[in-house]
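Shared between the two complexes below is chain A, which pairs with chain B and chain C, respectively.
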Partner chain A sequence: MTDTVLETQGLTKYFGSRMVLDNMTVKIPRGCICGFVGRNGSGKTTAIKLLLGLLKPTAGSSKLLGCDSQQLSPQIRQRVGYVSEGHRLIRWMSIAEIARFQSAFFPGQWDGKFFREMIEYFGLSKKQKIKHLSTGERAQVSLALALAPNPELLVMDDPTLGLDAAIRRQFLEGMIRLIMQQGRTILFSSHILGDVERVADRILVIDKGAIRVDCSLEQFRNAVKKVRFVFSQPPPAKINIEGLLRFKTSEKELELVLVGTGEEKIAEWAKSAGAMDYQPVNMNLEDQFIEYTAPAGQTKLFSWEGI
Partner chain B sequence: MKFLALLKKELRECLPWAISAAAFLLIVGNLMLWDMAERNIEYQYRAFERYSDVTYFNLQKYPLGSMGMVLFMTAAGLGLALGVRQFWVADFTGTWGFTLHRSTRRTTILAAKICAGLISFTAAVGLVWCYLFWRLNSSDYFLVSLPRRYLIVGWLIGGTGLLFYIGAGLAGLSKAKWYTTKLMGLAFALWMFVTLIQQWTLWWGFGTLAIAVVVLLYLMWEKFLNREF
Partner chain C sequence: MALWIQITPGSDEPIYVQIVEQVGEAIAKGQIIAGDKLPAVRKLAAELVINPNTVARAYTILEQSGLVTTKTGSGTFVADPKLRCKDATDVNILCERIDTLIARSLNLGLEPEDIISMFKARLAKFSKTKKPER
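Here is the complex of A and B:
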């Protein structure tokens, strides 16, 4: 058994002349719960479709469970669960029918009892038609369908998109049930950083098609910092500190967003710049993500002066 | 097991269209039979027994020509509907990912689709035409019996619907813009249809149909296996 469950090497995709994925090289080890985050249109869905062999790369390659994504055998697909974006299921089927359909592809692997339990846990009836379900209910059915065969690798494309807080929590608890089983690997893309923070132990940040972060969640949390410095005079115009991502000045304050800058370096810089005091600003994962991926020079979305 | 699951799903999706086409053909066909009987058209049939040159092309010369037109319209309509249902709709509903991420090969998925299409087609057009032919030959309407050649011509007419089925499917699989090459599959099907109706003998007609179907199926197989979804 390979220890790397998912691997890409220089994976690149163009749609016409538009680059959607740029030289993506990552390795995801077995047992990892990887949150794949990025803004809208950053290339998450394209990357997932390339991994599953639904799209062809312009350059580079990817492997799933040791098998080239473009040549995924039925045996490999049987070990991979997939929840597509928007939970697109066959609308005319009832929950029982879609479960029967899905189970045919996992002989000896489909756990009907687990599926029934999950459907009951979500408060759904097996007689309900997919077309009559809400987005949240479809998400629950998608998750149950993907988990019942007990996949080694679960790939989910923005599974909590459009779900309310209660359903999202139920959905994440369903995911956690799988996580609790040893050796399972999950890759899930999401816009909701709170979800990533709750379940992931590794984070992949994609921005404009390029992987910007590939590390443990803890490393990312420790690396991206915002520090507020207080000065007795106007802050210095030139800021020369390692890892500076962006800064914001006010009359006597300066706010720096830093990446990978150690405490000693910050203290050293504060002293050399003549700061009276400095304090780290509390940031949750969402704040860190926004600061990290915000386009350079973009400080506000609207300009009131222009209205 | 996997193929059967796929086949059942595809058959269920084709079913409403097949039932509609079969019902249309049955109702219109029976009305036409009734009309022929009312107009006492039997005397024309007496002469049929010596005709042996009836083909697709010259069918219009015979009293059954209008029936042939209904058969063609039903077959072409059903072909287009099934092609669109099986190969276009998933693009709009976004279900290709769910359909294709199966522990089976793409060829099996395509084979299940085509088999379901052919079964629906045979049941809705082929069998209903057999039934209508049997009614034509039963004593309820006419005392003379039609040459068996008419049954075979009916199958050929119905078979042309397959060109529209695969053509529509090919067009559905194409990701090109509709005003460029998207409709090439349908255009090719139409061209083969025009070639087909110019065949002067029945067996040439079947030969042309068979070649056209094989070429279109090959193009579809190539497209389905290599397409991005």
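Here is the complex of A and C:
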């Protein structure tokens, strides 16, 4: 099954005169875990709310499980799980009450036994009131509520924000458990790229409201490269190479950040520019993300020269 | 089975590459031998808390390089060494890597005999750790 579970077409949102989402066009295939990354205020939450029909777009449209986000029927909604940012749950309810409340939205698919097992595993009691729980415990209840209906599509808005390593791992385990079941899809936003790398096989990068990357994680890992060239004289001032994102020159060195540039193209350019030698600089996913989303010519906050 | 895979997210090596290299090393060291079964994709994914597609990707690469074979329905097994193909390009790449190492060793001021004995000592680490008889 490679059908599309989530798609947007020119999705755009303004808050007053401020543009927060700019012409978002993406397709997310069934069966993947898609990590949605972008800096604070880049438009992730707005995009997620638009997808779920919780906000109206200024222009464009989106579809969830083949149905327009603005006209989701209860039948479609019950196939979708949503974990909102900050795990906002109804405060005055007990865990048992909130489970009963939530289960009503998922008739015939709520796994009460699984929910109770998770709550027990977390060392919580169903009689505890939400308002008396700690941040981590509230997140755990929220995770159990999201997994109990066994949703076909699970959307989570920065679910691990502010959580300790152990609870974060429980969220990742939860995602893996869900994806092991046939035909499930997960979209989650996060700032922790190590988590994204662990569980995601697809990546969406958003920057200042615009989608910059929509591909498999492996493609992104392979595409963004940093190469250091060594010259016998000052490096050329004009750099004409396919896929150039940014460059940094020092006396006899040149560092290029490239996107999608093949090995042969790099070798060719090195030769034509008269480089003595060149070698790739190792980058992890976080380095790649920072390089990719940094404003032109800037990756570091301070100038470290002369230290 | 003496196969413990550990992954490090945030490394400059993608997770699937880490798995490929660790399985490759376990085979080279004799920790797992021809006919041994690798953990099932879903089991390893659950254990390592990683996407099952990442494990599947690693297994595909291992299969393409001839180190393992997949039998539909029964799993992935370490391949018979005789059946492993020795790709000419792979051998060439390996020779280039050895050249780099030799150049570095010579630059450190090592004599050719030193380099050979170092190489032999490291090699012994691989052939020594044969799997006990079952």
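Throughout what follows, the second predicted complex is superposed on the first by the 298 of 307 C-alpha atoms of A that agree within 3 Å, B and C clash if a C-alpha of one lies under 4 Å from a C-alpha of the other, contacts with A are read in each partner's own complex, and residues count from 1 in each chain.
The criterion applied here is as follows: a contact is a pair of C-beta atoms (placed from the backbone, for glycine too) under 8 Å apart; a residue touches a chain by one contact, two chains touch by 3 or more.
Worth saying up front: this structure is predicted, and the values here are computed from it rather than measured.
Asker: Is the arrangement of chain B and chain C around the shared chain A a clash or a fit after superposition?
Answerer: After superposition on chain A, chain B vs chain C: fit, no clash.
Asker: Put chain A at the vertex: what angle do the Cα centres of chain B and chain C make there, to the nearest 10 degrees?
Answerer: The C-alpha centres give an angle of about 150 degrees at chain A.
Asker: Going by the contact rule set out at the top, does A:Lys56 touch chain B (first), chain C (second), both, or neither?
Answerer: first
Asker: Thinking of the overlay built on chain A, is A:Ile176 touched by chain B (first), by chain C (second), by both, or by neither?
Answerer: second
Asker: Quick one: is A:Leu256 in contact with chain B, with chain C, with both, or with neither? Answer first, second, both or neither.
Answerer: Neither partner.
Asker: Could you say whether A:Arg91 touches chain B, chain C, both of them, or neither, answering first, second, both or neither?
Answerer: The answer is first: A:Arg91 touches chain B but not chain C.
Asker: Looking at the overlay, what does A:Val37 touch: chain B (first), chain C (second), both, or neither?
Answerer: In the superposition, A:Val37 contacts neither chain B nor chain C.
Asker: Should A:Pro74 be classified as contacting the first partner (chain B), the second (chain C), both, or neither?
Answerer: In the superposed model, A:Pro74 contacts chain B only, not chain C.
Asker: Scan A:Ala104 for contacts with chain B and chain C and give back first, second, both or neither.
Answerer: Touch status of A:Ala104: first partner only.
Asker: Does chain B (first) or chain C (second) touch A:Asn282, or do both, or does neither?
Answerer: In the superposition, A:Asn282 touches chain C alone.
Asker: Just the number, please: smallest Cα separation between chain B and chain C in the overlaid arrangement, in Å.
Answerer: 28
Asker: Take the contacts of chain A with chain B and those with chain C, and give the residues found in both.
Answerer: none
Asker: State the interface residues of chain C toward chain A in the complex, per the touch definition above.
Answerer: Answer in residue numbers: 7, 9-12, 14-16, 42, 45-46, 49-54, 57.
Asker: Quick one: which bits of chain A touch chain C in the complex? Just the residue numbers, please.
Answerer: 32-33, 169, 172-173, 176-177, 179-180, 193-195, 197-201, 218, 221, 282-287
Asker: Okay, in this complex, where on chain B does chain A touch?
Answerer: Against chain A, the touching part of chain B is residues 1-2, 4-5, 8-9, 12-13, 93-105, 228-229.
Asker: Please output the residues of chain A touching chain B within their complex, sorted ascending.
Answerer: 49, 52, 54-56, 74-75, 77-78, 80, 82, 84-86, 88-93, 100-101, 104-107
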